[in-house]
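The following pair of complexes shares a single chain, chain A, combined with chain B in the former and chain C in the latter.
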Partner chain A sequence: MVVAPTRAEALSLFRSLLRTARQFSDYNIREYTRRRAADAFRENRALGDVAAVAAAFADGKKLLEVAKRQVVVYSLYAPKAKSIMEMKLQ
Partner chain B sequence: MAAAAALRPAILRRIRLSPSPAAAAGAAAASQPNALARWLARPMSSHDAHLTRDEVVDRLLDVLKCHPKVDPSKVSPEAHFEKDLGLDSLDTVEVVMAIEEEFKLEIPDQEADKIDSLPLAIEYVANHPMAA
Partner chain C sequence: MALSRRLLLLPLLLRRGSTPSVSPARALSTAAVTADAPAAAAEEEAMTIKGVRISGRPLYMDMQATTPVDPRVLDAMLPFYLSRYGNPHSRTHLYGWESDAAVEEARARVASLVGADPREIFFTSGATECNNIAVKGVMRFYRDRRRHVVTTQTEHKCVLDSCRYLQQEGFEVTYLPVRPDGLVDVAQLADAIRPDTGLVSVMAVNNEIGVVQPLEEIGRICREKGVPFHTDAAQALGKIPIDVNQMGIGLMSLSAHKIYGPKGVGALYLRRRPRIRVEPQMSGGGQERGIRSGTVPTPLVVGFGAACEIAAKEMDYDHRRASVLQQRLLDGIRGQVDDVVINGSMEHRYPGNLNLSFAYVEGESLLMGLKEVAVSSGSACTSASLEPSYVLRALGVEEDMAHTSIRFGIGRFTTEEEVDRAIELTVHQVKKLRDMSPLYEMAKAGIDLKSIQWAQH
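Right after this comes the complex of A and B.
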């Protein structure tokens, strides 16, 4: 018996992914993770099948754990220079 | 004994230890005449740069206008994210995250779920003691 996540649970997962994405020290990985989360949620927003929704939600939770681990790993190899995209324009 | 007890507060009242920040400021004042004035003029609260409501409104409008899915001409202080700006629930989550970043806040999920319009966002940020 699979149970589809509630709307609040889905939004909470999305928020957690964005919060985790924000912690990456490297601009490119930070932005990629944010984009990847937003794209995946948009792509799956119209899923009707309960099993498909539950599977996508479980996948998202798994990827959140991956992202959390990678934040730690990447923090050990933080880039020494900032990306040009992060610099404030005069 | 009674005399010593009477003497004690009198002596304590006379003794003055200069606190070190004042001494440092005094030393700095010798080289820079304005330093002492600046040190004396600084506010005593750590929240010296508390935001005014106008500033909050301005910065929130900027955050909204910079969001890629928002039409800048539709942004007003009364706008509702979904009804007026045409955002969906996922966009709203992203907008609230952008607001968090702008004001260096951490908005808990339960609060963030409630923020669905600019008036509510303004209210939340303006009343938040840590907003910077």
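Right after this comes the complex of A and C.
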């Protein structure tokens, strides 16, 4: 029995993904995670099929777990020098 | 959070305190720093590496050399570095069984990305090893009847060097020229195939200029003539759709670290029907059905499998983004600097690659000036030499233009802001060098540089 997530559940997942994305110490990974999550939710907004919505939701939840774990791993080995993209132009 | 970070820094501070302090004079001497710089020095904050002072980590645009590991890939790999360390070839306990299951799952993922059967995928150490097995292995196996190889002048070094090696063993090799746009002439390729041709090797996407060869047509010709078709798809996997059956591919070299996977693992695709056989390069325990002996590195293979699975899902999205960013980069540079030439076809090109030549600029000075952008003039394998790229020379690019080429790589994690910064820094550097260049001044004054009789030394 497949049940589509409620609107509130989907929004909550989206917010969790964005919040986790912000915690990545790496500039590129942080930007990618945020952008990919936003694009995926925008693309999937038009999904009508219950099974497809449920599959996308399950996928997102799995990725949230991956992101949460990797935020920790990245923070453990973050290089001391920042990316020049995080610095102001001279 | 702040507290824990401070605690993490503590051992480092202690270590730094205990080492003999560097005298100010020595700190300024770049030579001394390069001479005894330990690996850990690369981690120090405002870095001086190889005599270059860098304020931060440069933005990375050398995606053809290697790509960063995707966090989703690392997440799949880590369990196999921790508790699941079994040898996949151990048949007597759980550790072996779980590793074996993971390896086979990864094999299926790699196979599915290229439309192959998992039994046709053999894990190796990378695309270089695959190319060696493919080129030397096929020719050695069929050496009695097949004495000739057809390849192109723009292949990767490891294919060309394998061919050179075969020539020393008495085989004949035809190195096909390419058109000025970097594509191989298919009619010329068909003419070059002889009754004793044992292999046609043409790479899918060029590592330096990113042009996509007409694989389907080449595959059709090879099938008609009954010659195995090998393609080095290290730069193509996960970036353009590949189907081994549709493209008539007999052997294919794949690499993990070009698709956000780990370094040190690749795979050889070897067709089963009609069966193509190779002579193994290594003797040993007979792993990978005797094609490549040596313990299969479970964590790396699992990472490769994960990278392939992600690539299959993300190919369209990544491709769209790369196209947009490539256009942005090209427009940005061309809008501010004139006499910029694109090397290789724009039409038949993987959009994550933009190889540009800047006229009247000295290439090494440009690259050294662009220390905040990690780019290269071409292949990482040959970027240490001052020779112009043999790929660009094969395209008929003049030596001075081949010297000033820069390869910009755009990948999954490249941002708009990075592209904009790369444009800004490149334009600034090119303008600065051209302001100093008498050649540029003369060219602007309408003098044909080729007509100048330079004094003989």
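Things to note:
Keep this in mind: the second predicted complex is superposed on the first by the 87 of 90 C-alpha atoms of A that agree within 3 Å, B and C clash if a C-alpha of one lies under 4 Å from a C-alpha of the other, contacts with A are read in each partner's own complex, and residues count from 1 in each chain.
To be clear about the criterion, a contact is a pair of C-beta atoms (placed from the backbone, for glycine too) under 8 Å apart; a residue touches a chain by one contact, two chains touch by 3 or more.
Computed from a predicted structure; not experimentally measured.
Upon superposition of the two complexes on chain A, no clash is found between chain B and chain C, which fit side by side. In the superposed model, A:A38 lies in contact with chain B only, and not with chain C. Contact with chain B, but none with chain C, is seen for A:S12 once the two complexes are overlaid on the shared chain. The larger set of touched chain A residues comes from C, when the choice is between chain B and chain C. Of the two partner chains placed by the overlay, only chain C lies in contact with A:A67; chain B stays clear of it.
One geometric descriptor of the composite model is the angle centred on chain A: between the Cα centres of chain B and chain C it reads 120 degrees, in steps of 10. In the superposition on chain A, contact is made by A:R22 with chain B only, not with chain C.
Judged by the touch definition given at the top, the superposed model places A:I84 against chain C, while chain B stays out of reach. After superposing the two complexes on chain A, the shortest C-alpha to C-alpha distance between chain B and chain C comes to 12 Å.
Chain A has no residue lying at the interface with chain B in one structure and with chain C in the other. Interface residues of chain C, counted against chain A in their complex, comprise 8, 43-47, 54-60, 68, 71-72, 74-75, 78, 317, 372, 412-415, 417-418, 421. Contact residues of chain A toward chain B in the complex are 7-8, 11-12, 14-15, 18-19, 22, 38, 41-42, 45. Per the touch definition, chain A reaches chain C in the complex via residues 28-29, 31-33, 35-36, 39, 63, 66-67, 69-70, 73-74, 76, 79-87, 90.
Those residues of chain B that touch chain A in the complex are listed here as 88-90, 93-94, 97, 101, 109, 112-113.
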